[in-house]
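As written, the chains take the letters A, B and C, and residue 1 is the first residue of each chain.
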């Protein structure tokens, strides 16, 4: 050590306000978090493949529950799964493979459309409901009356009234579900409505619509994704259940529910007829749910840090 | 009078794994706790003061490890203890901690009484009846009125100050040798804070434990401490008696802390503030960590870490300014004669100040 | 500090509904004036109602009784749209918790521009951005920060963003609700200095809400002490510290630990005992016992205080 090292150094007082970290982008962080788990990626690939296949394949397979070209050919009935017919054949000589994917396509479409309607309407209503105390007073009266009626019962009654069918079912599902979504959103909004940053915005005179758009909704993304990831499998299951009871879709529309219901009786002799639709259905609902939950987690900014 | 060293930490290094990087929160710290005394550890957030005391009770977060060092207590090195069961004999029973937020320290769905008796039964193997009596006795000692009735109440029925008293009671239930108070009054009102500080002082006289008090408030330090350790960027930069630190400090960081006291502020002028921010402890620190913010920095501060220089039997500072080769540097005029400057502003007369 | 009264509170009371027809009176009998250019401190502990008063002034809370007058005009209760805009342009608030007072999902650009956008206070986008840049520069932040998000900043920087957001509206009165309590000790001085600098530059009037008496002594011209919803004492700063009269004020001052070991060794804590007040016969009011020095007391106590001051 030399003595000259013991001399004063002038202090550079310019505090470094400069931030050296790269720019933060919400959506980029969401996708980074989402893709950070290998398991999630695998399940997502499964979900995308299955859903994609169910959308495309039935367009080419030319399957319809009322068309049975092989109905008179007893050799074609009840064939076990083989290389020719991957899922075997059903009680009418049709390929079970075709039937299952056609049924799935219908189920997924019904669930997706119902979810979109339910979520859009539910979030819009719920946001205003939670934010405005006046609207809350009115809506709570409405909600207290309607929510006492059991959901499934309501759907069944509506289906009886308007008849069976694809769009009828979508209508019934959406109209009974949006209120629940709205209520859930209302609670979430009420939780964050009085946070300091929202008070600050009010202090600056921000009008209600912009409060909802920029202060409230961005915080709801994770919650909304959770709702969607829960609704889609729920609607699929509900459609299957209703068709199982014979209420949902009409005879000319392919339906997994009806399949499972009618093949129930073949469980001992031809178990594949029952289990293959059930398992395929399970793969779809579970993978969609898992992907939805992972996306919900990833949308929560707290997981980005 | 020979004072007993009750706990001796030597050359502690603590690392945290944060995603793929390593944060060195404690960089080679040694400190002794003298039996019956109160040591105040003071520093900014991020200085490591909480982390250091967590090593005494193995309460570091999951991603933290003590990668080096020894902690001597009751004749053994605590860091050699590997299984949790052994730590449970120490934690709560011999070394207890009081944390900042009483609401999260207490279980909201269990009665106050049961939370105290649980600790007593676990460590002292008393019966439920005996434990209850001991608990009520403790509640009285920490100043809870109507302890018998309030025994079965829940935390939400207690005010913040009272909850903190209960946390202290739980900590003292097994008569620990060392009580670590980690910013116990930061979340409390100033009048409640004063009462809690008074309580801890009187309990220390009655029970005879050694206190470690972590705080960022120099007023609290002046009120409670016998010895003070000033921490910066994971190291103790100055250590001494409370008089040493307030009236005769030697480290530029201590000077900076004292200079920014609002009590020294002159109306109409700006307050002294330390420019810049503490260094990131993800990177290895070259030289003195305080150098970039130190108006008294020497060239060597940027190159080599200063050793501890001994000023008196109880007073040490880690700064090159104390090296014989360094230019003679006095404490800034602003913080000299601190006692005169501060007491002059206190109200004279009135029945509530004692001169 | 001029002699013009900028803000005036007269017998203000704020009440909250707490479930089935039960009401909680948060503050009552609040009377004080704030003069143009001064820093007026409102000091109290948690639950004292100080934040409630601050929020009532910026119209986040509603008053249940009394008047709040800004520049002579009543600003509490129902206001016309034009008057509401006036209040927002003239009175702004700085919030306590830098972690909660900024919209995490908005850029700094939007956060600081929000007030401007609400009232279209700019000519075009370039003009707006220039205003934001200037507001950020005033608080020591850089233009490059405009595209960042709040969580990328430190506590002190976030608080400065909050200050920029309030001051870009060019208010005359700023209600600062515990602006430094949530900050790290070494950052507090920086933010205090900034507030002082901005006050000088822009001729601002501050209502400084705080619980830390040592800081308050340094920055304020006059102090009001509030306890359980009532202002118990009001005086010029040095007068309050040298001659505190109300026993609550004394207990508050006594409780603050001074960074002076010799002093702290000999100190005896003064505890506030509510039972020393007997308001069964003579009701208390806000009495001026000396010019500019007010205490909440009844006549008997007021006489005692006057005697104390003469000593």
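Following the convention adopted for this analysis, a contact is a pair of C-beta atoms (placed from the backbone, for glycine too) under 8 Å apart; a residue touches a chain by one contact, two chains touch by 3 or more.
If you're wondering where the values come from, they're calculated on a predicted model, not measured in any experiment.
Chains making contact with subunit A as well as with subunit C: B.
Most remote chain with respect to subunit B, judged by CA-atom centres, is A. Note on interfaces A-B and B-C: more C-beta pairs are in contact across B-C. The distance from the centre of subunit A to the centre of subunit C, with each centre set as the mean of the Cα atoms, comes to 48 Å. Taking the mean of the C-alpha atoms as each chain's centre, subunit A and subunit B sit 51 Å apart. Distance from the subunit B centre to the subunit C centre is 32 Å, each centre being the mean of its Cα atoms. Chain contacts: subunit B has residues 277 touching two or more partner chains.
Those residues of subunit A whose C-beta lies close enough to touch subunit B in the complex are 1, 3-9, 11-13, 15-16. By the touch criterion stated above, subunit C contacts subunit A in their complex at residues 55, 58, 60, 84-85, 88, 92-93, 95-97, 100-106, 110, 114-115, 118-119, 140-142, 144-145, 147-149, 151-153, 157, 162, 165, 169. Against subunit A, the residues of subunit B that register as touching in their complex are 275-277, 291-304, 320, 323, 325-327. Contacts from subunit A toward subunit C in the complex involve residues 17-19, 21, 23-24, 26, 195-197, 199-207, 210, 214-215, 218-219, 301, 305. The touching residues of subunit C, counted against subunit B in their complex, run 45-46, 154, 184-187, 189-190, 192-193, 196-197, 211-215, 217-218, 241-244, 250-264, 266-272, 311.
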